[in-house]
Amino acid sequence: MKKVLIANRGEIAVRVIRACRELGLSTVAVYSEADRTALHVRDADDACAIGPSPPRDSYLRIDAILDAARRSGADAVHPGYGFLAENEDFAAAVRDAGLTFIGPSAEAVALMGSKTAARAAALGAGVAVVPGTDTPLSAEVSDADMARLAETIGYPLLVKAVAGGGGKGMRTVTEPSDLSGAVRGARSEAGASFGNAAVYLERRLTRPRHVEVQLLADHHGTVLPFVERECSIQRRHQKVVEETPSLAVTPAIREAMTAAAAAVARSVGYTNAGTIEFLLDEDGRFYFLEMNTRLQVEHPITEMVTGVDLVRWQIRIARGERLDLDRARLLAPTGHAIECRIYAEDPDNGFLPSPGRILHLRVPSGPGIRDDSAATAGLEVPIFYDPLISKLIAWAEDRPSAIRRMKRALGEYVVTGIKTTVPFFAWLLDEPDFLAGRFHTTYLDDVLQGRNGRAFGEPSAEVAEVAAMAAALQAVLSPSSAASPADPALAADAVSRRWKARARVEGLR
Amino acid sequence: MKKVLIANRGEIAVRVIRACRELGLSTVAVYSEADRTALHVRDADDACAIGPSPPRDSYLRIDAILDAARRSGADAVHPGYGFLAENEDFAAAVRDAGLTFIGPSAEAVALMGSKTAARAAALGAGVAVVPGTDTPLSAEVSDADMARLAETIGYPLLVKAVAGGGGKGMRTVTEPSDLSGAVRGARSEAGASFGNAAVYLERRLTRPRHVEVQLLADHHGTVLPFVERECSIQRRHQKVVEETPSLAVTPAIREAMTAAAAAVARSVGYTNAGTIEFLLDEDGRFYFLEMNTRLQVEHPITEMVTGVDLVRWQIRIARGERLDLDRARLLAPTGHAIECRIYAEDPDNGFLPSPGRILHLRVPSGPGIRDDSAATAGLEVPIFYDPLISKLIAWAEDRPSAIRRMKRALGEYVVTGIKTTVPFFAWLLDEPDFLAGRFHTTYLDDVLQGRNGRAFGEPSAEVAEVAAMAAALQAVLSPSSAASPADPALAADAVSRRWKARARVEGLR
Amino acid sequence: MQYEVEVNHRIRQVSVRRADGRFVVGVDGRECTIDVARIDAHTLSLLVGTSSYDVSVVADPASGQLALSVGAVVLGVSLNGRRRWGRREDGGHDADGPHQLKAPMPGKIVRVLVKAGEAVRQRQPLVVIEAMKMENELRAARDGVVAELHVAEGQSVDAGALVAVVVPA
Amino acid sequence: MQYEVEVNHRIRQVSVRRADGRFVVGVDGRECTIDVARIDAHTLSLLVGTSSYDVSVVADPASGQLALSVGAVVLGVSLNGRRRWGRREDGGHDADGPHQLKAPMPGKIVRVLVKAGEAVRQRQPLVVIEAMKMENELRAARDGVVAELHVAEGQSVDAGALVAVVVPA
């Protein structure tokens, strides 16, 4: 392996480039039209255009990506997460093109990509799953049969898409009378989102936590589980804060859960990095939820407490190397790590996306802080992709110190030009329930609903007064920019526009 | 303790602010005229002007700093390193003003500040010192007496200032005939630099390493040594790269050296953070060199391999708390850490200082990287102070990986507008002797002399060609900036100048 | 100079005058002396007494306000009555007039939750738009009736496209 | 357009023409097609074939050259014969003329190592100047004789102050 094409963009593309560089491997970026000036393009050794901005025209085009690999002479492909990372056709196409796929086999991706097949695999490995139907509901199932099935599972229950993820094609049903409508709704949403309308039923646990186990598995039969990640802080089924270890996981649970995760992976001959997600109920019982057959967004927190570079190991495993890590160390975390996913969203406006140009950027640093990002000052955050602009990670010797450090770092994070979720995190990290570790997968949605859109980071009287004075001072010092905010006024912005215009005239894009 | 004044500037002031914030303490910055827009001023809760830009008019003025403490209501003072950090009068004045000095007692600072008194203390604690005179040379010593003294020590020897540091007031003597001239020169330099002309003689070891031991000591009798730092990579007696652990230190040496360090500290009733520097000879014998009674520049590498926040502990010790760290863990480093001191110097021009405005700044990040810095885009690097703009720290599971990671990070470090030592480090980290750990305190000066000013980072033919093409393209795209480089042309720069001019007109500084 | 500054729905009278290289700033009559340093085009460093504040000021065309951040705290500020009240989607109209709901970003309408003529309450979701991989609800800024509905499910819209108009009942 | 570009003492003939939204750039006759994107006022992203280069270009008034960085590699580049050869302290004079040694930064002269009239060799230190807490040697850019010496020990100098003149022997 000499040259790795990264079939992705944003922070994860930069993360993989870093890992390759530290191993002495060349890197190839691919980019859509919107990403010509993106950091992963500038950082890679080579870069290939793969099409227009919408993902289906570029980052989801297997043919264009394989063509880029050919043009650039890449001999391996890292899929990152999202886009084609869990697409078995892509994994197979990469292999068929004679390239190394830095990830699991196409067969493992396909198997675990079906929620019902994955549940069957878990059961086969002796791991409990959330009670539910073992196979997808037949398309012709009668309402009466469906009702009988549901009774055996119990209410409340979830209708879930077999090919699902991210809450799409999912419905909660609390009463038998809502069942058939929910199944119809979920089927149509699943069909539209995944091209696969199949759904199944699953019991909805009360106040469960989402706890997951990272795995590395080599091609020589070694499967190593890592200390768990606590991912219960979710907004609309999307993780926003992750931490490790979990306050809810005792040594006994950890031992059982990591053993269960390794057993599932072993039973399907899994290789490379993967993650098994569990639901953990209030009584300490855990249930297999699904397997992610790729690197997770939140992998850095595991790296911080174990000292293992997961991306480096993905590459080494793909090269056929043997895992030679100390198994015990992976389950005995050093300190505590937290990640906040900083999004280009306006938390004070219903978390609406906030695309636009980043005018200034100050990134936190110093002891225990890691910022995995592809954002730079001047970057236009495009409208076509996931609005994640940075993963801010804090490590400290214990959870309270890690939270204090994260708050310190959030205070250093200055992004002007777009809105970000930084103020939301500053608020969350002061919430008594968060500080006490009292939360579950719908905790955040419940709290947010209770706030009913109230602004985060409500300024103190002192700060409001300083803001009033600063606005007036800015008006005195540069009347054009402050007094008529709608004007194209601020100097650096105007300069950038001038450059852009000139670049356009001169045939640059 | 509620509010801490930081009697310093630059990256260390920012570092201390971070530690205070994570402990919930308010912070007070002090600043000279040159530093009004510096990051430590912007980051602190309060900031007080203490005088004109030259250090003697601001950062060295005890009265102005104590006045700032009064004005801002600070109840504690952190001295950082440099400036007044090892000035016993300052430590005493802070105490006499009823404030907490976050550092050792004035008495300990005074005692260890005298090289000859410190040597006596080490001997008293049973620790070997480099053979030399036990007391300063008498001002009236005859040439003949001096020659006899020198004979007992042996040539080559060093004439060193009693109050010295950083190579000032120091002379190497290889022949008896040079002795009296060297003593005269050293005396005059020491008098000019430290206000104290006293000098003493010390044997010059052949190819020694500089290895040092970090200590924490509380007010309850606990003294804890940490795994050693290897600081032999020096340019003109200034450390430029540090790492931990040292390749030259065996477990047996580590045990003996850390015990020796703790014994010296204990024998003088030392408290807070301090560092004992040793010379380690080629046979594994080590000799007490001096004690630094303050936080060291290179403290982060120790933090990276032990997980201990040294600045936080400085504050906790000053509050009277007990050290409750696991002694064994401090001596058993996790992985390997390296620091490169990035200076605003032109390595291709004899390391001349390169003050000026930072136009753009991209700071490395990602796994295992920490950047302790006070640099920001737009910052004017002042001419009055130490040109350190950043400490780049890389951690990895072993030394080769840490070096590769550091090289990756150096490749991400982009500073435009001023010259930095980044290209020098990129070169050094490829040197076979460095990679093999074959070096000693004059290794770097020897190698640099051998290079005779040859440029670092000599571009490949490919890079030179790209540079030629880029220069022409820049000329096409913005003729004014590229074709007449002396013009005040580049757009953003011109904007900034316009702002500056406007700010001047409007009475801003 | 005299300004009317609205921060978080409260209007303050702010006066600014120069004195001795600094600024004397009055807020609702109380004055203090401020040392001001410009960091860059968008950022000021203020020392009010000894208190240090880093303030960035950026025009927010979407809201017609200034987006200010004081440290990590973000605020919307309007100057001299040029305020554009309400949330981003209200398109710049007063709370008691008709409310034009505009698309805050380009995207695809994935669900329309109301019909023309339907009565709606403040903050009730009207349509769901997908952008940046996320589904986002666009909500009514006021109680009223949906007078116009300009989008259908599956339709792509540009930023600023008129989605619906809500009038008082 | 045609340029003469000097990189590391070697002059290259560089031609640039636009073609189809890209640039065709020739170096000493060999041509390639480059996709150019401007990142900011000082930075270009070049794709030469598939090879990606991040290049920043900043005028360096001290040397009269352009300071280019290609990734982390820093180079001095001169365009169209507007070169200012030699090191920073040579004040812009040709290597075969008299050499004016100027202070590269403000500082204090802590040692004068030569006398007027003394013969010196290239790279021989002439004076030591202290700035930014460091002592720095200013060296002769050529062999010759110290014709003029304008500083004394202890004296403070401004940036650009004439320190000495070295003429050919």
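A, B, C and D label the chains in the order they appear, each numbered from 1.
FYI, contacts are C-beta pairs under 8 Å (C-beta built on N, C-alpha and C of every residue); 3 or more make two chains touch, one makes a residue touch a chain.
Small disclaimer: the values here were computed from a predicted structure and weren't measured.
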Which chains, if any, touch subunit A and subunit C both?
-> B
Counting C-beta pairs in contact, does A-D beat B-D or the other way around?
-> B-D
Mind checking the centre-to-centre distance between subunit C and subunit D? Centres are C-alpha means, answer in whole Å.
-> 50
For subunit A and subunit B, what's the span in angstrom between their mean Cα positions?
-> 40
Express in whole angstrom the distance between the two chain centres, defined as the mean CA positions of subunit B and subunit D.
-> 29
Enumerate the residues of subunit C that touch no fewer than two other chains.
-> 36, 38, 40-41, 54
Mind pulling the subunit A residues that touch 2 or more other chains?
-> 43, 360, 376-377, 411-412, 476-478, 491-492, 495, 499, 503, 506, 508
Please give the residue numbers of subunit D that touch subunit B in the complex, ascending.
-> 1, 3, 5, 7-8, 10, 12, 14-16, 23, 25, 27, 34, 36, 38, 40-44, 46, 48, 53-61, 64-75, 77-80, 82, 87-89, 104-107, 123, 131-137, 139
Within their complex, state which residues of subunit B touch subunit A.
-> 14-15, 18-19, 21-24, 43, 300, 303, 307-309, 311, 334-335, 360, 362-363, 365-373, 376-377, 396-397, 401, 404-405, 408, 411-412, 476-478, 491-492, 495, 498-499, 502-503, 506, 508
So, in the complex, the side of subunit D touching subunit A is made of residues 18, 20-22, 35-41, 45, 47, 50-52, 54
Tell me, which parts of subunit A touch subunit C in their complex?
-> 344-346, 348-355, 359-360, 383-387, 410-414, 416-417, 419, 422-423, 426, 452-453, 455, 457-459, 463-478, 481-487, 489-493
Touching subunit D in the complex, subunit A uses residues 28-29, 36-37, 41-48, 71-72, 376-378, 495-496, 499-500, 503, 506-509
